[in-house]
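Heads up, the next two complexes both have chain A, just with different partners, chain B and then chain C.
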Partner chain A sequence: MNAARLIFDLAGAIAVVFAGVMVVHRNPIKSLLAIVVTFFALAVGFVLLSAPFLAAIQVIVYAGAILVLFLFVTMLLNLQTEEETADRRPFQRFFALVGIVAFAGMLLAAVRRSGEAAGSSGLPPATGAIEPLAQALFSRAALPFEAVSVLLLASLTGAYILMRRERSGSAAP
Partner chain B sequence: MTAADWAIVVLRPLVPVLGAAMAVPVLTWAERRGAGMIQDRPGPNRVGFFGWRAFGLGQPLADALKFFFKEDITPDNADAFLYTLAPWIVMFSALVGFAVIPYGPSIPIAGRSVPLVGADVPIGALFIFAMAGLSVYGIVLAGWSSNNKYSLMGGFRSAAQVISYELAMTTAAAGVFLSSSSLRLTRVVEAQQGSLLRWNVVPQFFGFLVFTIAAFAETNRVPFDLAEADAELVGGYHTEYSAFKFGAFFMAEYIAMTVGSAFIVTMYFGGWSLPFFHPRGLVGGLVSVAVFAAKTAFFLGVFIWVRWTLPRFRYDQLMRLGWKVLLPLAFANLLWAALLVRTGVL
Partner chain C sequence: MSVPLTDVLVVSVALFSLGLCGALLRRNAITIFLSIELMLNAANLAIVGFGERVGGYAGQTVVFFAIVVAAAEAAVGLAIFVAVFRHHETIDVNKTNLLKW
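Moving on to the complex of A and B:
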């Protein structure tokens, strides 16, 4: 077991632990910060899996932008502790359990299969690949990439229209 | 790895980070002397060493002592953990950016060729953007955990501002990445060598303009210091902070300024290189480091000059400038850079 593998395992453990903290912590702000730590640990994992670009994007987009906005909203709402935790429907717990078991099964299958593909250290060799990603993004995957942009633009416009309609009730002539 | 290898691995990132940290006292002195010059007064000129006034250079030492010995206050209803953590997040995010900026060419040490850069990572510039984005957490958490409405307002303003200007900054930087066809900062410096016309500031002047203005906004400096606007928010996000926790915020601002200046120099002014200077060996390498330091010092001077010259923006003006002026300008610059690369000019 080399140093990189050790750090990878450590980052993985941190990611899992803080994901747990996110779920159980009573203070919403602390929950959010726990998920920030998880995202950072994931970024470390991406670096060690020779995907530094993905790591940077993970930190810039998720930790640096999306979660800051979440934090923003949570602070504005001033939620000090969680509101109501009692489940109103008794079958919720049953379905949650089914979901957890199904997801764990999928995860286990994925981990087992990837273990066969990877090299002796369990980690792929270093390539530092940004260029192949860019090549694929702008040639082979150009159409899906543009389709996603259009989808994002559509949802952005939709959100804007919905917000405007609510307001125009009083202001419209 | 031998002991020498380990020493080199540790020292490569440590030298620029310590250099930036040690520039802080000189910068605080330069800031106040510069303010004095601009406002037609002497500035701090008394505190010296052993009876010698030394142009007031002892002032930063006195300030540091003051930070150490003032009472360290944590407000009663503050979230003590986050309140203590916040200044160090800001400090960390400021310091760590220096780990990827190249500060010199490769120099021969003990039979090895040692590149003068902390870590020459393929995502170079993105690393700095990612880490600079982190400082928002420190500022927002400082504002929230203080349990003070002025602090909270300052934190909110800072978050909105940094996210808005980050967009313009990265879009402007994309033009540089196009012309050097890499995100690797050593490669960005390499692509600018040979001629003054190859410095990115010449073909991409508007990119440079947007990038520099956004860098001011990212460091929360005047005219973008709405996060700590003292006329409206007392002290903004650090209203409740005292003693060394406040000192940490204070130092982080100057370190972020240094990183910002070094980043501007690397992206648009050829980094450590000079057009007609080809560094050879150890001496050439050290001269290159001095060139890099001098260029960075120039932009630090610009930071100080701007602070004591321009008034603060209003919040709506700040947002309008970011979204309606800088972002379109950055996109135009990106198209222009693409055109230059396509036609083979760059």
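Moving on to the complex of A and C:
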């Protein structure tokens, strides 16, 4: 058992435990704080999978920007702890749970059978260096890179239009 | 000195299943959205794991774009929640059935 595997398993266990806390907690703020821990643990996993740039992005963009946006909106809406509402279709939850367990079991069986079967493409393995990643992003993936900037602009505009208070007399939502 | 692919995939499956649980069983829209982010992250972890095994940088490139798209999605989704909250005073998905008739 090597050190990298030990640390990865530890980080993975922390990620799974806090994901569980996120799912079961009734207070949305505490769910958010739990998922921050999960994302940090995943960043540790990315480092061990020789993707330190993605680990940095995970911490800065995910745990930093996106979850702060979530926290901001959650506090803005002043959400109380989720109250128990009477379910009109209680059997839905039961079937959902059965489906999830079957799904997870199926995936785990597939992983156990083929986890080590993935072959190498012959390309040199990724090192921790950022430069080859930048080469890939700005040469082969240059078109998606530019398209993504348009997507960001579109989502910025969309968010602005959705959040805008409509003036009296103008069309509704 | 490397992480076995099986470990990566097991963690990924566990996180994805938990995210699916949250998305299907919870009634608070914010928690559902967080669960969807969790599923995205589980998929990212699997892609990075496979990418490391295959070699090259294709996997990391894909995950880079996935993170950018997740950021755009979060901005628009949260804006929708705020708009829904203004109309309904709640974002409990049992009480908001705007698209259902």
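The rule is short, and it goes like this: the second predicted complex is superposed on the first by the 121 of 173 C-alpha atoms of A that agree within 3 Å, B and C clash if a C-alpha of one lies under 4 Å from a C-alpha of the other, contacts with A are read in each partner's own complex, and residues count from 1 in each chain.
One rule holds in what follows: a contact is a pair of C-beta atoms (placed from the backbone, for glycine too) under 8 Å apart; a residue touches a chain by one contact, two chains touch by 3 or more.
Computed from a predicted structure; not experimentally measured.
With both structures placed on the common chain, the touch criterion links A:A65 to chain B and to chain C.
In the superposition on chain A, contact of A:A56 is made with chain B only, not with chain C. Considering which of chain B and chain C touches more of chain A, the answer is C.
Contact with chain B, but none with chain C, is seen for A:M75 once the two complexes are overlaid on the shared chain. By the document's definition of touching, of the two partners only chain C reaches A:S155; chain B does not. Taken together, the two structures place residues 53, 57, 65, 69, 76 of chain A in contact with chain B in one case and with chain C in the other. Interface residues of chain A facing chain C in the complex, by the touch rule stated above, are 2-5, 8-9, 12, 15-16, 19-20, 22-23, 28, 31-32, 35, 38-39, 42, 45-46, 48-51, 53-54, 57-58, 61-62, 65-66, 69-70, 73-74, 76-77, 79, 82, 85, 87-88, 93, 96-97, 99-100, 103-104, 107-108, 111-112, 115-116, 118-126, 132-133, 135-137, 140-141, 144, 148, 151-152, 154-156, 158-159, 162-163, 173. On the chain B side of its complex with chain A, the touching residues are 79, 82, 121-123, 126-127, 129-130, 133-134, 136-137, 140-141, 144, 152, 155-156, 159-160, 163, 166, 183. Those residues of chain C whose C-beta lies close enough to touch chain A in the complex are 1-11, 13-22, 24-28, 30-31, 33-35, 37-38, 41, 44-45, 48-61, 63-65, 67-76, 78-83, 85, 87, 91-92, 94-95.
Put simply, chain A touches chain B in their complex at residues 29, 33, 36, 52-53, 55-57, 59-60, 63-65, 68-69, 71-72, 75-76, 128, 130.
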